[in-house]
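There are two complexes below, and they share chain A, which is joined by chain B in the first and by chain C in the second.
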Partner chain A sequence: MTLFAVAAKDLKLHARDARYLATLVLFSAALVLILSVAFGPIFRDPAREASATVWAALFFAGILGLTRALDLEGESGGGDALRLTGSDPYALYLGKTLANFLLLAGVFVLVLPLTAIFFDVGDLRVLPALLGVAGLALIGYAAWGTLFAALARGLKARELLLSVLLFPSLVPLWIGAVKLTHALWDGGSIEPVRDWVKVMAAMDVLGLALAAWLYELLQEAGE
Partner chain B sequence: MTAQLPGWWRMCAIGIWAAAGALIAWSLWSVAARAPVEAVMGPVQKIVYIHVPSAIVTLLAFGITFAAGIAYLATKQWIWDAVGAASCEIGMVFATVVMVTGPLWARSAWNTWWTWEPRLTTFFILWILYMGYHLVRASIRSTSRRTVSAIMGVVFFVNLPIVWKSVEWWRGSLHPRNVTMTGEMREILLLSMAAWLVFYVAVLERRLRLEWMREAALSEADAAASAAVPLKGVTA
Partner chain C sequence: MILRAESIAKRFEDRIVLHAASLRLEPGEIVLLSGANGSGKTTLARILATLLQPDRGEIQLDGVPVSKRRSAARRAIGFATHVPLLYLGLTPMENLAFFGELSGVAAARERAAALLQRLKMDGFADMPLVHFSRGMLQRVVLSRALLGDPPILILDEPYAGLDDEGSATLNALLAEARLRGAATILIAHDRDRAAPIVTRACLLRDGRIEEAP
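Let's look at the complex of A and B:
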């Protein structure tokens, strides 16, 4: 149960820092507001603009979350302590990924209704499908983001690695998320862009599989 | 390990550099003098003889960085780190050539310097990623540099198949799915590809020679330092 213990530990660290959580919430809301002002006030294609806004806001807020998680571990020495426990490195990775996934899911729950209100899009009937799309996107983002965060640990260029290199690495995931969200908000069905579900699932599996192989090597490199 | 390179290496290097020089001279002469002038685009079309081979060499170079990354992670031998980094550096040069010659072609063929077309966009993303590889690698001074570089080489490789297949996966691609040249044009394109591939191998050799000498100097310095420090508790 290392996985859940690590996830609970990371979430507890986040929860203790109320100022950080408030910053994350405000930052996400501000991003949605700025993008809606940039696209508006008269939207040409609200479904398209809203889907781009949700995922752009989520990406930037997610970077803030991943960076903070990295800082917390560095400040408290938690990363070194975890390695000393001798736990399975992949279980540690999955625990951190789960914590990051839940944090990102929290941001999504905030960003989604804000965007739906500002752009006047959305239909409750497509909500289950939309949550499915979000699940696929956030699993991939958390899986790759946690791997990149581990790669960036202790590096001078960690901002570069996280903010500049993570986004291009995940381009198939973002395109899929935007296209599927757009299809749901525009026509209520993902049928025309169904293949993107496979692309996103492949990115999720690839991220988790690469981490299974590389995370232990990264831990060794950090020692 | 000595700074002196093995004899077979030096002999091969001379042969590769001679072949690269001859092939490049022959291909440039062929492009300038023999290649037919295309009816619609005129002489600008000849950019294809630089653009396409550069793109092929870029993908090959980043593919070798990927393979060398796996080899380094499996064996932890410095040579694989050197091969990966060297290949990535050369790949970046060729990728930049592609990024420069592409808009020159596009202006004439599509009447715009840049368009958000699938292959252009995915290649630009690839360029950013591998530029980041060098910046991150240069910023690491610790022993983790090799492992981090190898992992980046493996992770960033995910984008190569996307660049390759982008013309099939996305609609609205202006790039052709296959290069369908015939006759003399095809011959000269294949010659240019061969020339730049051999040139890539030659530059890789030169770059690896530098790494070899650096590694030899480091191990000599380590050996001298350990010989100079007397063992604790041992008196003359």
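Let's look at the complex of A and C:
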């Protein structure tokens, strides 16, 4: 199936690039460490500071991941070769989105325990809800990021354009992620900020729906 | 399958690269297209392969514009050019199996193994392409283009990097493709290597295609 074949191919390429993986892991871990030192050792509001740290690390690691994914398709004509297979463009998009999502989920799995340890916010009872929040945030990030990567493809300043487009688009998603994570670590429930779940879900659906409409156009408009 | 390019025009900024270039490629033909550096051969190849939109004109497969059935057209065309169109972090077998599966090639792995063996690359099937020399990479590039036994082959400088034995194998593969009715356009500077299999020669000059002697 096209979707899973594309995702598996992207993840295999990421996994074989030790330098890239090391950069991603060290960057994320270093960011958590630096912010924990900056906010600590006596935290004023550990839940708030920890939630900001997690999502800051995810945002910047995500930019690294998306830029690398963009390079993979450009460096030896892989993106053109994908088009030449005659596959459904939306299936290609979903495959790339799935790979980006899984990569970001891997970074989240690394960043979460580090943050929990450094900020002392580890409450396992909220873990399932926290994974749900992460799912919503990372699906949206991967969906929008993969779409914008297609838009930036072929441009000289593609990395810059990707960041410029992603930042404003993801603001609602990231505010929601920080507020929900904070609510979970602070009071154990998302009730006070429950509406952000709807905002994030809407952003996810919007990103995936826009891609269904635009991805093929962007792919074909590369030159 | 008949490939027809009708009055193709393409310009990049102020430079007109193609100006009403027309070509008809019939089953069983192997057409050599030559031209000076910068004459627009690669641009034409990318347009024929549906990767680049012409500013004017139309590409048809069996009388149907490729824009009307892009997916089917792409599966009917085997394309190789200067850019490998492969993932350098994957092995030849992984690349060919991946692209074969996506292109709907039946028994893609078996077909890939047979092509790699034919092109003497079976000993390197499980080594990432990033370690390959130019000639080795070119053999994998050609394997990808030939993988699905496409009825149309567009090969841009296919002899680049190949040694004499590799060129002879390629010519044998193209001759076999011709026998099963495939139509091939060879874009090559190296006329001598292509000469044994070519059925017709054309020249791209001033953005137009002329029959060559």
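Simple rule for what comes next: the second predicted complex is superposed on the first by the 222 of 223 C-alpha atoms of A that agree within 3 Å, B and C clash if a C-alpha of one lies under 4 Å from a C-alpha of the other, contacts with A are read in each partner's own complex, and residues count from 1 in each chain.
Following the convention adopted for this analysis, a contact is a pair of C-beta atoms (placed from the backbone, for glycine too) under 8 Å apart; a residue touches a chain by one contact, two chains touch by 3 or more.
This is a predicted model, so every value here is computed, not measured.
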item	value
First (chain B), second (chain C), both or neither touched by A:168	first
Chain B versus chain C as contact partner of A:71, first or second or both or neither	neither
First (chain B), second (chain C), both or neither touched by A:157	first
First (chain B), second (chain C), both or neither touched by A:218	first
Chain B and chain C contact sites that coincide on chain A, given as residue numbers	220
Chain A-facing residues of chain C, complex	49-53, 70-75, 77, 79, 81, 83-90, 94, 98-99, 101-104, 128, 144
Chain A residues within the chain C interface of the complex	2, 5-6, 9, 12-13, 16-17, 72, 75-78, 80-88, 220, 223
Residues of chain B defined as touching chain A within the complex	73, 122, 125-126, 128-129, 132, 135-136, 139-140, 142-144, 147-148, 151-152, 154-156, 158-159, 162
Of chain A, residues touching chain B in the complex	147, 151, 154-157, 160-161, 164-165, 168-169, 171-172, 206, 210, 214, 217-218, 220-222
